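Chains: A, B and C, in written order; residue numbering restarts at 1 for each.
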Amino acid sequence: MSERQPRLAIRKTYKLFIGGAFPRSESGRSYVVRKANGEFLANAALASRKDARDAVVAARKAFSGWSAATAYNRGQILYRIAEMLEGRRDQFIADLAACEGVDPAEAERQVDESIDRWVWYAGWSDKLAQVIGAANPVAGPYFDFSVPEPTGVVAVIAPQASSLLGLVSVVAPVIVTGNTCVVLAAESRPVPAITLAEVLATSDLPAGVVNILTGRVAEVAPWLAGHMDVNAIDLTGLADEPSPSEGADSTSGSPSSDNSRQSLAADLEKSAADNLKRVIRPPQDAVDWYADPGLARMTAFLETKTVWHPIGI
Amino acid sequence: MASQRFEYAPAPESRAIVSIASSYGLFIGGEFVDTLDGRSYKTVNPADAEVLAEVTEAGPRDVDRAVAAARAAYTRTWSKLSGRDRGKYLYRIARLIQERARELAVLESLDNGKPIRESRDVDIPLVAAHFFYYAGWADKLAYAGFGPSPRPLGVAGQVIPWNFPLLMLAWKIAPALACGNTVVLKPAETTPLTALAFAEICQQADLPPGVVNIVTGAGETGRLLVTHEGIDKVAFTGSTEVGKQIARAVAGTRKRLTLELGGKAANIIFDDAPLDQAVEGIINGIFFNQGHVCCAGSRLLVQESVYEEVLAKLKRRMSTLRVGDPLDKNTDIGAINSAQQLEKIRMLSDVGESEGAARWSAPCELPERGYWFPPTIFTGVSQAHRIAREEIFGPVLSILTFRTPAEAVEKANNTPYGLSAGVWTEKGSRILWMAERLRAGVVWANTFNRFDPTSPFGGYKESGYGREGGRHGLEAYLDV
Amino acid sequence: MTTRGPVETAELSMTTAGERHARPEVLQPGTVTGVASEVGLRSFIAGLPGVDQVGADARAAMLASRSIKTTSKQFALDLAISMIDLTTLEGQDTPGKVRAICAKAQRPDPADPTCPPVAAVCVYPDLVPVVKQTLGDSGIKVASVATAFPSGRSSLDVKVRETADAVAAGADEIDMVIDRGAFLAGRYKQVYDEIAAVKQACGPAHLKVILETGELATYDNVRRASWLAMLAGADFIKTSTGKVSPAATLPVTLVMLEAVRDFRDATGRMVGVKAAGGIRTAKDAIRYLVLVNETVGEDWLNPSGFRIGASSLLNDLLMQREKLRTGRYAGPDYFTLD
């Protein structure tokens, strides 16, 4: 028997996730993603405004079905995502160690919390309406009730530093209530987002409910903020810097300083005002993604519908 | 071809999917154990009266042991676990139930006599859904409206009936565990098998020993359990008579009590109802699960102007009901659960006739062995008749008429019970007007016998107190 | 097993059922014509009991879970074949194509003489002579769509002429479409008069009235249109053209079956039901038979009571037939594609 040669690994091509498929950027561009230690990690697709446009179309197309699915069904699917994520636990731990430069224990903690975060939100699918809905005792012969409904297509600028737990924490609350979304992954740490896309694609989640773009926030976010068929935008990812050790590749056009990020956030919010998108502003203080998430990220993207009906014979 | 008819050949679900042991012990402290001071009895398949297995009638020391195991589990592990981890166990159980759904459905139909179509499409999916729902609450109790950090009660003693064996188990165990309690549950005497299968599921889920304990037995075992000093909470589903005994037994103790008891629901058909669907609703209301349903629509109130039409449609539809082998996928109505129950249905039906009501049964051939009763209606029934007042708990419908909405409400409410009611009309405002006045815990409009884990269920008046299901269902297991 | 020809059956129940009962005055065809009856027709149609969508869907879904096995399946497959209106309604139809499906209609499975023929062959009016000539006296009915099928957007004159042409060319059955625009606008009388006029133009030919339920949107409308068509003289009411989605569905067919059942109770006249469009598998077809069996019963379980408008369904029925005969799954390569 001949001696076994060291095996040459097959590397993965990191692509976008739009409408349940994994296309390259229509622009044909990519950008270098480096590990925390500066080594080459991957060429990620550099999404263009047209990719953003396609992603919005996919999200809109998915909205009617996803928002009409029963809460039970949505909960089952979110729980399924947790199951699939658990199955790829080791891969995510490796991704995080590479991307964020954290030690294995910290990576493990973040992955575990991310799995549990899906479970937390899965449970909310059929409970939120029971907590924030109401039967209203109006003074008159009317039955009057208020129920939450999803607002529509939500654009999400994912947190730059917490590339998995942060991402899950902003995506799950958007979709559990029936919204669909277009997510712009952490600019210099997009790999966990793409791996998550592979989880989503195999979790019974209908195509288009979550669409993930990788690329420059400063380039793509304005198109999402200005898009008249987007109903809401989460600017959380404009609050934080990816990390001090970030490679030089991602500085071009990225929100590198506090000032430029703040002014971009303000511009995006202005742009969002054109069709009165619901907006989550970038948080003022550092976010502890391990804390109890509360309801705010769900309620931000819900409408309240109140129905009146007479009572009589 | 011309001489043949379009008939359904038998389409039996395979029994091979279940393996029933010849005898079962009790499930205490995470293990199946032999009885200390009980004895064994046989559980039979009501469709052919064949013995399915020998099970244990737990004695006083068995109940002591079970309560002690539940207490130990509560103190040492379950009350110390985070809500998140309690939820994870419940999610596991929900998934295991989904994975073993067909097996559980067959087992349920064998032991209970209900048609496989119902155990497969209604009971077992609802069981899984119930565990999923309450799994999600376990780490969200602070949001449920019972204060910032609501506490569990401790050890719950739960006694359930034979009409929806595994579903009633789910209604009891899922919220109890989600809230942080441990349980000792006694399934009904005649339907212990799915509860014992559930015990196995607890093992597969690695549920900490003692969190769930199953003691099989009859009324005496139930009495031992609910009167046991070591429990903090009693939850009972069953007859109003036994419910009252339990209420007396816990009087003066610190035990919390919830009761889900009998009913004599009115199903009210207005002349503007969608009649074909109303007829389906009447059928579903009284013949679902052979009428062994506490919320069954056993009193039909029809507006006089459509009485003849509804009666004709109802009889025609009843003639298509397929009564027979519970395991046949085409069976609509299965076997009566026990000889004793069959006797009661027969007795009350005979009383109905002797009191002057007219009896009509759908033409159908009943199997020779086992316990069977044909789908039956009584016309010419008045409020004074016993069949209009007493819960028959079988496929027997009493038909009355009314002229105005107010009269319908009056008749519907004229009962000591108050579990459920049905209203059929195309007019939305009338539905709400009726719902406002009906003294019943659940009002179904243009539908009947719908159940969902998110929807609270329970009765007014002598139908019991407390709610199961939904956010409200948490209250029964929290110290609020 | 003897094969019952669709012809005899059709004659049998279509002529006898109607004569048995005295018809209530209000339901006599003709009494709602004329100026005064416009209001009567409207109030009658509006007064029909509503259909609860959720309940109707649930009932249809429950019946779809019936399990049909072994001998009953064998019977059901042959029954379904005998109920098929084998249809080709394409712009690209040619005499050659039509002759091919006529051959298939007569001997669906050339290898198996016990396989029954279909009920009818359904084509556009210009191809009726080809069908007539090819089928000859096979007993299989010649069916033609008419009245500016599928949209129905033409003048009444043209619709009547087209009908008369098709009948003159040899059509035994006419599949007309109702004016959905008029129906949705509440002009019931216009819809009624049009059906009555086409019925007259049919002469001896049987009239199937296509409601195009996919465009009527609600089950309430399906029930109303069913009654309107029956009052105006329809011999059959039919779900769809097959050109609009959704076409036939189980709950829509359920509502129509309830309508023909109630109509016979009221008038004594038996009207057939045809489900058309989207029924592609034997499993689908059997579900429809179950629906017929449990809603209206045996009287309708024959080609004069129930038809299935389809093309690709036939081969699936044949494959299932083969599966029952041989015990192994059949492959499409072994069945003709006409």
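Following the convention adopted for this analysis, contacts are C-beta pairs under 8 Å (C-beta built on N, C-alpha and C of every residue); 3 or more make two chains touch, one makes a residue touch a chain.
If you're wondering where the values come from, they're calculated on a predicted model, not measured in any experiment.
A.B. asks: Smallest number of touch links from chain A to reach chain C?
C.D. replies: 2
A.B. asks: Would you identify the chain whose C-alpha centroid lies closest to the centroid of all protein C-alpha atoms displayed?
C.D. replies: Ranked by how close its C-alpha centre lies to the overall one, first comes B.
A.B. asks: Any idea how many Å lie between the Cα centroids of chain A and chain C?
C.D. replies: Distance between chain centres: 51 Å.
A.B. asks: Compute the distance, rounded to whole Å, between the mean C-alpha positions of chain B and chain C.
C.D. replies: The answer is 44 Å.
A.B. asks: So which bits of chain A are touching at least two other chains?
C.D. replies: none
A.B. asks: Going by the contact rule at the top, pick out the chain C residues touching chain B in the complex.
C.D. replies: Its residues touching chain B are 1-4, 49-52, 54-56, 58-59, 65-73, 75-76, 78-79, 82, 116, 258, 289, 293-294, 298, 301.
A.B. asks: Inside the complex, what are the residues of chain B that reach chain A?
C.D. replies: 84, 87-88, 91, 129, 132-133, 135-137, 139-140, 143-145, 405, 428-430, 432-433, 436, 453-454, 470-471
A.B. asks: Name, in rising order, each residue of chain B that touches chain C in their complex.
C.D. replies: Chain B residues touching chain C: 1-11, 117, 121, 272-277, 280-281, 320, 329-330, 426, 446-447.
A.B. asks: In the complex formed with chain B, which residues of chain A make contact?
C.D. replies: 71-72, 75-76, 79, 116, 119-120, 122-127, 130-131, 143, 295, 309-313
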